[in-house]
Amino acid sequence: MKHLKLEDRTCYDGSQIQPMWAFKTFGIKDSSIISWMGPMKIEPNHLVDFEDVGLEIKGNNMLHFIVEHFDVQPANINMCYHRQRILVMIIKDILNDFGIRTSRKGDDLYIKKSSSKNDKIGKLSVSIATCSISSMKIHFALNLTEKGTPKDVETAGLFECGLINEDICIITEKICKNYIIEIESITEDISKTKVF
Amino acid sequence: MKHLKLEDRTCYDGSQIQPMWAFKTFGIKDSSIISWMGPMKIEPNHLVDFEDVGLEIKGNNMLHFIVEHFDVQPANINMCYHRQRILVMIIKDILNDFGIRTSRKGDDLYIKKSSSKNDKIGKLSVSIATCSISSMKIHFALNLTEKGTPKDVETAGLFECGLINEDICIITEKICKNYIIEIESITEDISKTKVF
Amino acid sequence: MKHLKLEDRTCYDGSQIQPMWAFKTFGIKDSSIISWMGPMKIEPNHLVDFEDVGLEIKGNNMLHFIVEHFDVQPANINMCYHRQRILVMIIKDILNDFGIRTSRKGDDLYIKKSSSKNDKIGKLSVSIATCSISSMKIHFALNLTEKGTPKDVETAGLFECGLINEDICIITEKICKNYIIEIESITEDISKTKVF
Amino acid sequence: MKHLKLEDRTCYDGSQIQPMWAFKTFGIKDSSIISWMGPMKIEPNHLVDFEDVGLEIKGNNMLHFIVEHFDVQPANINMCYHRQRILVMIIKDILNDFGIRTSRKGDDLYIKKSSSKNDKIGKLSVSIATCSISSMKIHFALNLTEKGTPKDVETAGLFECGLINEDICIITEKICKNYIIEIESITEDISKTKVF
Amino acid sequence: MKHLKLEDRTCYDGSQIQPMWAFKTFGIKDSSIISWMGPMKIEPNHLVDFEDVGLEIKGNNMLHFIVEHFDVQPANINMCYHRQRILVMIIKDILNDFGIRTSRKGDDLYIKKSSSKNDKIGKLSVSIATCSISSMKIHFALNLTEKGTPKDVETAGLFECGLINEDICIITEKICKNYIIEIESITEDISKTKVF
Amino acid sequence: MKHLKLEDRTCYDGSQIQPMWAFKTFGIKDSSIISWMGPMKIEPNHLVDFEDVGLEIKGNNMLHFIVEHFDVQPANINMCYHRQRILVMIIKDILNDFGIRTSRKGDDLYIKKSSSKNDKIGKLSVSIATCSISSMKIHFALNLTEKGTPKDVETAGLFECGLINEDICIITEKICKNYIIEIESITEDISKTKVF
C-alpha cells in the first residue's frame, strides 16, 4: 500500500471518490492513501451519501485523504466502513497527541468550542465510504479552517484550534503511516492465529 | 447483538474463545459481547496465538470481554481482526476519558509507569481473535491488577492506576454499549450509501 | 428488518427495484419489505429481466412486495434468488390456507381456472430479483385482478378467485411477518449449529 | 448435481452429516442428494445441533435425505440453511399433493393428529444443516412410523397417516428431482438478470 | 459450461465484453465460451483496460474467445484473472503442440520473429478480464494476421507463422474443450479433498 | 509473498500441508513458497486426498514446494486449486525450457519414457491443495528420481531425464520467482481494469 502526498491544491469535487481515480490520475497500481490540502465543493452528481442530497458540502481549505483498497475481492462495503472507522479513530488519536481533543460519532469528529458566552460543538470532518465490485474507497477530510464551510452547520477548523501548517504536515504523515501499518499488522496477526 | 454481564468470577482458561461458547453456556442465540471480572490462566491446549506457545498467559484479576459475531457468513478472520482493532480503540478512548492515557500497538494497550527511578512501559492487555466457518470470536482482557501477571513481562493494572471497582463497572458498560452501537451504525451507513 | 405498508396506490414502474429506493423514498436505514396495492406498468429502461425485453409487463391492480436486504455483504444474487424462492413458497403456503391452490414453477405462481368449456392455467404473479454490490432486491407481485394484464398471456387474479379486500390485508400482513421471521430464524439456527 | 437412492436400510447415526461422506462412501465427485429408508439413532459424538445435547434423536424407520453442495466456495452456513428451508418447503408441497397437510416452523414439519378425544400436533421430521470450509450439508428425515421415536415428544409418521411404500417411493423421487431442478433454475435465472 | 462457435465474422468492438452478452445475443443461460474469427476495432467507450486509453486496439483478423462465468457468486475479479491466466497458459500449451513457441508475460503471448537482419519479439495476443456483481468475463484474442494491427506495436500473426485455417479450427476446438475440462476438474478435485 | 529455500533434506510426511506450518516452523508472517529437496513418505493420518486412502505416496528424493496464501479471506479452496493449476503450468513451462517435455492432466505432470521395447508414460509429480478458514495450502512435488516411488505406478524422475543438481537449483529459483510474480501481476491488473 502506497502513500502519495499531493503538493497542489486540488479541489475535492467528489470525482476523486470514484474507483480507479488513483490509477487514472497518477498511474498507481496498488492500494493507496493519497493526501492533500485544498478546498472542497462536491458536485451534486458526484454525491455518494444519499443523506446529503440537497445539502452543500464545502470548505475553503481542508486536509483530504482518499483511500483505495484492492486487497479484498470482491470489494465489501461492510469491510470498507470498518476501515473507515479505523482511519477515523487513528486520526482522533493523533489529534489528541497534538492537544486537539475530539469526540467521535460514527465517522464524524467534533470539537468543543468554548467562548465567553456559551459552549458549542463544531463539526470538524466529513467522510464517506463506497465500493465498486473491485475496489473499496474512503474519503475523509478535516476542516483546516471554518471559512467557507456551510452556514447552517456549526463547524470547527484545525487552524482556529491553534495548529499551524507544520503541524498539519507532521499529522498527515503520521496518519498515513499509522493507517498503512495498521492494515498490514492485521495480515501478520492472521498468519499466527489458530482457527477452528 | 446482546450484552451479557457475568457476576461470578469465571477463570478465563482459553476455552471461552471457542465458537458457540455463548450458546452452549448461556443459551444465547445471537451475536454477543460477554463481560466479567476474574483471573486468567490459559491452558496450553486452548492456546490460539501460536506466538504464545510456551509462554505463561495469566493474571489474578482481569476485566474480560468475549465477543462472538454471526452476522458475517462465512466468518472472516480479516473482518474479525478489524473488529478487534475497533474494540481496542473504543476501550483506549474510554480509558482516556477516565484519565488513563494508553498507547496502542496493534491489539495491545500499554501504560507509561513513572517512578522516582525511571519510566517503564507496562503491558495492560491481552487479546486474540479467531474464527470457525460460522462465527468470529474476540477475547480482550485488561489487567485490573499487576498481581499474578507473568514475571518476565512488565505489566500494568487499572487498580494500580487508581481506578476503583465502580469505575470498572461504568467503563465496562460503556465499552459494551459503544461497541454494539459502532457495529450497528455501520449497517445503517451502508443503507444510505451510493455504490458504483 | 422492517415492514412498511404503503396506503397510496403507487404504480410499480420498475424504478422501485433500484437499490436504496427504501432509503431514498422513505428514509429506511435497514433491510425492509414494503407492500402495497396498485397498478403495474414497467418502463422499458427499468426492465431487469432480459427475457422480458419487448414484452408488456402490466396489470391494473396488483399486490406488490419490494424486499431489500443489507445483511449479506457483498450482496449475492445467488442468495437473493434463494430468498425470492423462499418468499414465493411462503406466499404459496398462505394462499393455500385461504383456499387458493396454486402451482409453482421457479418464481411464478399459477392457478388452474376451470370453466364449462375447458381448463386453463392462469399466471398469477410476476417476480424478479437483482443486486448491486451492497444490496439485494426482490420484487414479487400478485394479480389482484386479471384486468389490465397482457392480452397474450393467460392470467389469473385473486379477486376473480373470490378473495376480497379484507382477505388481501390479512394475507399481506402474514406474508411479511412470516418472511421476516423466516430470515431471522435462520440466523438463530446458525448460532446453535456445530460446524466442521 | 446427482441423486443416489440407497437400497439398503442404513442406520442414520449422525456420521453421514460429515463432509465428503458421499465421496468416501460412494465415490461421488459432485454435489449430491442421497435418499434411503432406515432407522435413526444419533450417536452423541455425531451431534451437530447443540440444542439436542442430552436428547435422544431416534426412530425405527425414517425417510432420509443427505444433501451435499460444493457449488458455493467457501461454503456458507447461511446459504446452507436457506437451501434447507427450500428443501423443507418442497417436501411440504409434495406431501400436500398426496393429501398430507402439514404445518412448518423453521425446519420442522408437523401434522395435526385428530382423535375422538382431542387434537394433538405430531412432529413429523428432524433436520440439521452444517458446513465445512468446502462443503454444505443438510440432513432431513421424515418419520415413516411413530414407532421407536422419543417417548417424551409427540410424533407423527407417514405410514400412520395412510401412505404406503409405493407412495414413499414416488414422493422420494419427486422431492429429489424438484430440489435439483430448483437449485439449477436459480443459476439460469441469474444469467438473464440485469444487475446494478 | 457451453462452447458456442460463431460462423460469421463478427467484429470485436468491445461491446462483447459486457455482462450477459451471451444471453442477450444467443439466449445462453449458462457459463459459456464463445469463439469466432473476425476483425477487432475497440470503440473508446467500450474500453475496459484503463491502460489502453488513447491507444488503437485493432486487427484485421483475429481468433476471439469470450468467456462468461456465473458459477462464482458474487463474481470476483481476482478469480476471473486467475482463470484468464489459466486460459492463456492452456493456449500457450496448445500452440506449442502445433510448433508455435511463445513466451508469456501476464496475459500476453509473444513470438520471436527471426529475420536475416535481426530478432524481434512480436505481440501475438490481446486480453482483458472484467466483472459485474453477477458474472465474470474474459476476452482473449490471437492475431491470425499482422495486417491491420497497430503500427506502433511489433505484432505477430498465426498465419505468418505458417498455420492454416484448418489448424486454427482444430486449435480453437482444443482450447475451448481443455478450458472447460480444466474448470470442471477443479470442482471434482474439491469433492475429494480433506480440509482443516 | 516470500520464498524460503530449505537446505536440509526434510522428509515430506504430510504434516507440512497443515495450515501455519510456515509460521510455526520458520516464523514466517506472510504468504510464502517454501522449496526443498528430500524424500516423501506420507503418514496416513496426514493424508488430505481421500482418493489416496490406502495408497503408498512416497519417493526417495523429490523437489518439494509448499505454498501458503493468506491474501484471500476467508480462504477458498476453489481459488486454491486455481492457483495450484497456475503453479503446475508454470512448472511445465520451465521444464519445457530445460528440454523436458511433459503432458499435464489436472494437477499431474507426465513424461513419455521411450525405450527400445515400448513407450511408457511416467508420472512425474504429486500434488494436493487444501484450506483452513484462514489459509490456502498447496503441496507440489516432482520426482528427482524414480527410486523409492510406489511399485504399482509407472513413474519418471528428473535425474533419469538427464537433469543435474545445478539445473534443479536454477529451475527451483525460476519456479518460485515466476509464481510470486504471477500472483502479484494479477493484483496489478485489477487496479487498471474497469468493472461493470
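In order of appearance the chains are A, B, C, D, E and F, and numbering begins at 1 in each one.
The working rule: a contact is a pair of C-beta atoms (placed from the backbone, for glycine too) under 8 Å apart; a residue touches a chain by one contact, two chains touch by 3 or more.
Remember, it's a predicted structure, so these values are computed and weren't measured experimentally.
Chains that touch both chain B and chain C are the following: A, D. Sharing over half of its contact pairs with B-F by residue number, the repeated interface among C-D, B-C or A-E is A-E.
Interface of chain C with chain D: the two copies contact each other largely through the same residue positions, with over half of all numbers used appearing on both sides. Fitting chain A to chain C on Cα positions gives a rotation angle of 120°, stated in steps of 5.
Across the two candidate interfaces, A-F and D-F, the one carrying more C-beta contacts is A-F. Annotation: 27 Å between the Cα-based centres of chain A and chain B. Mean C-alpha position of chain B lies 41 Å from that of chain D. For the pair chain D and chain E, the distance between mean C-alpha positions equals 44 Å. Those residues of chain E in touch with two or more other chains are numbered 19-20, 23, 50, 72-74, 77-79, 131-134, 187, 190, 192-196.
Chains touching one another form the pairs A-B, A-C, A-E, A-F, B-C, B-D, B-F, C-D, C-E, D-E, D-F, E-F.
The touching residues of chain F, counted against chain B in their complex, run 20, 23-24, 73-74, 133-134. Residues of chain D touching chain B in their complex: 50, 53, 74-79, 131-133. Only residues 19-20, 22-23, 28-30, 70-73, 132-135, 187-188, 190-196 of chain A touch chain F when the two sit together in their complex. Across the complex, chain D is touched by residues 18-19, 47-51, 72, 77-79, 81-83, 85-86, 89-90, 92-93, 96, 104, 106-107, 128-132, 182, 185-187, 189-190, 192-196 of chain C.
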